[in-house]
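Look at the two complexes coming up: chain A is in both, with chain B in one and chain C in the other.
Let's turn to the complex of A and B:
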């Protein structure tokens, strides 16, 4: 009588396939959780950037700064100024302070000082402040251009008065990509 | 035949064991990283919240005041300290720290966990006193 050949074998095609499937599922789960972690981190950083941009822009357009005549100081830095502000009163920008601020931020050292005074000096953080009149003419802009799309960034916009004209103040904070 | 089956079984069992141990290692590494992230996030939110209260009182002008309650413990249950150093607030727990930058350095007063504070704008200077 015919008897089928018996082989004591574990490594059949089914076992290998099952092993590969389990391995694939584990790798896929790992990649998915890694991606989720990355998204959570990006969301958290964007949230922090947005909060910081809001506070820093509000500080600039709503307060005169301390001392209130900081724009007359010869040295503007962390030791001479308690806080920075550009307005006479809320949303009314002082042209002299605005001019001084943008003059300050158009040098690398001055820009660094402005970052410290606006509390955005965390590693890799950078900012662009632009004042634009209602007819879309740019009145002032800071040293570094707004970021390209690949950066993590947050922008806040407020309306204020400058020289009896309304201007849009737009502050963009972004994180420089890691090289 | 039996010898071959036993050998293959042992190899398969060893492979599975190695995979299981590797997975266990990855699991615990990620678990620790997750707990660390959760702790840091809770601490960061707390210190940012305290900093934001100071910044908003500063922006609201002279004589504005806000109350702020500091929790006794971090959201993840650790004791902590909160101090101001120049233009930043620093929260420390166990051997870890996170910071929040401030828009002013004209701040006087200190923080104790579990205390309700009045944060007042006094001509652009910020006073922090227990309520």
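Let's turn to the complex of A and C:
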């Protein structure tokens, strides 16, 4: 006569071990995917910041701006000028434009306007522009200090001439961390 | 006692998996995290050549046959760069070379710029300045 087995196979030691192994593999795969997603996202944002910083610094040190005499205007905002530029010739910075730019960016409103004119418009985006002489003396720097390491940031460095002296122009673009 | 994980097949599988994981991790770690560094270096080199041209540093160095002014100008560049500057005339003859004693650790990039120099007789002579650079 047929005798049904009392012992359930599912709960055998082999099955439990196999189940645990599969579970471990699934959790490990989930953690790895999460980490990879986060890394890809950070890389993408950093790449976007680098691209933006490269374009903005290029615009500043290689173009005179539009209109070319924007530094003489009483009001500097996106209604009076089309683009900001600090040079009178590629890589030769105009001292008056440089002084006006840093004067403008040393107020919160002026800084916001500079962001708009440099096409740094995304919420939470900030920038720091620093001009440094060869002896490491800072000639000019913008209102907000360079970010701490926890921020996602991109820095671009170029060389230009200011008053017949070579200067390093360093533009750091960063995103404020979400609170 | 019946064991699953300790059979020779399972041990072999674990061994192979471990080797594959280590090999993958090592291969990933050896990949450069960014390909933008050489591009940034090349931009810096182009900036330096443009600055030296526009400030007359290249023409002066050529006239004096001395690279001291070039070296002084390059003081603005980051310290972890190794930069070699050469100037050739239209025929390709080497006229000037500034070669610091430094060792490269990465790939080299080159930027070039053509410039004109007015000779003492008032003739415009074209030259090509090249700057080869790398990270130390």
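The rule is simple: the second predicted complex is superposed on the first by the 171 of 179 C-alpha atoms of A that agree within 3 Å, B and C clash if a C-alpha of one lies under 4 Å from a C-alpha of the other, contacts with A are read in each partner's own complex, and residues count from 1 in each chain.
Heads up, the rule we're going with is that a contact is a pair of C-beta atoms (placed from the backbone, for glycine too) under 8 Å apart; a residue touches a chain by one contact, two chains touch by 3 or more.
Computed from a prediction, not measured in an experiment: that's the story for all the values here.
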item: First, second, both or neither for A:176, with chain B first and chain C second; value: neither
item: Broader residue contact with chain A after superposition on the shared chain, chain B or chain C; value: B
item: Touching partner for A:66 - first (chain B), second (chain C), both, neither; value: first
item: Touching partner for A:164 - first (chain B), second (chain C), both, neither; value: second
item: Partner chain in contact with A:92 - chain B first, chain C second, else both or neither; value: second
item: Touching both chain C and chain B, counted on chain A across the two superposed complexes; value: 90
item: Chain A contact footprint on chain C (complex, rising order); value: 2, 4-5, 36, 40, 43-44, 47-48, 50-51, 54-55, 73, 75-78
item: Residues on chain A engaged by chain B in the complex (per definition of touch); value: 6-11, 15, 19, 23, 26, 30, 33, 44, 48, 51-52, 55-56, 58-59, 62-63, 66, 68, 78, 82-84, 90, 116-122
item: Contacting residues of chain A [partner chain C, same complex]; value: 14, 17-18, 50, 61, 89-92, 133-134, 156-161, 164, 166-168
item: Residues of chain B touching chain A in the complex; value: 1-2, 4-6, 8-9, 11-12, 15, 19, 23, 26, 30, 41, 44, 48, 52, 55-56, 58-59, 61, 86-87, 101-106, 124-125
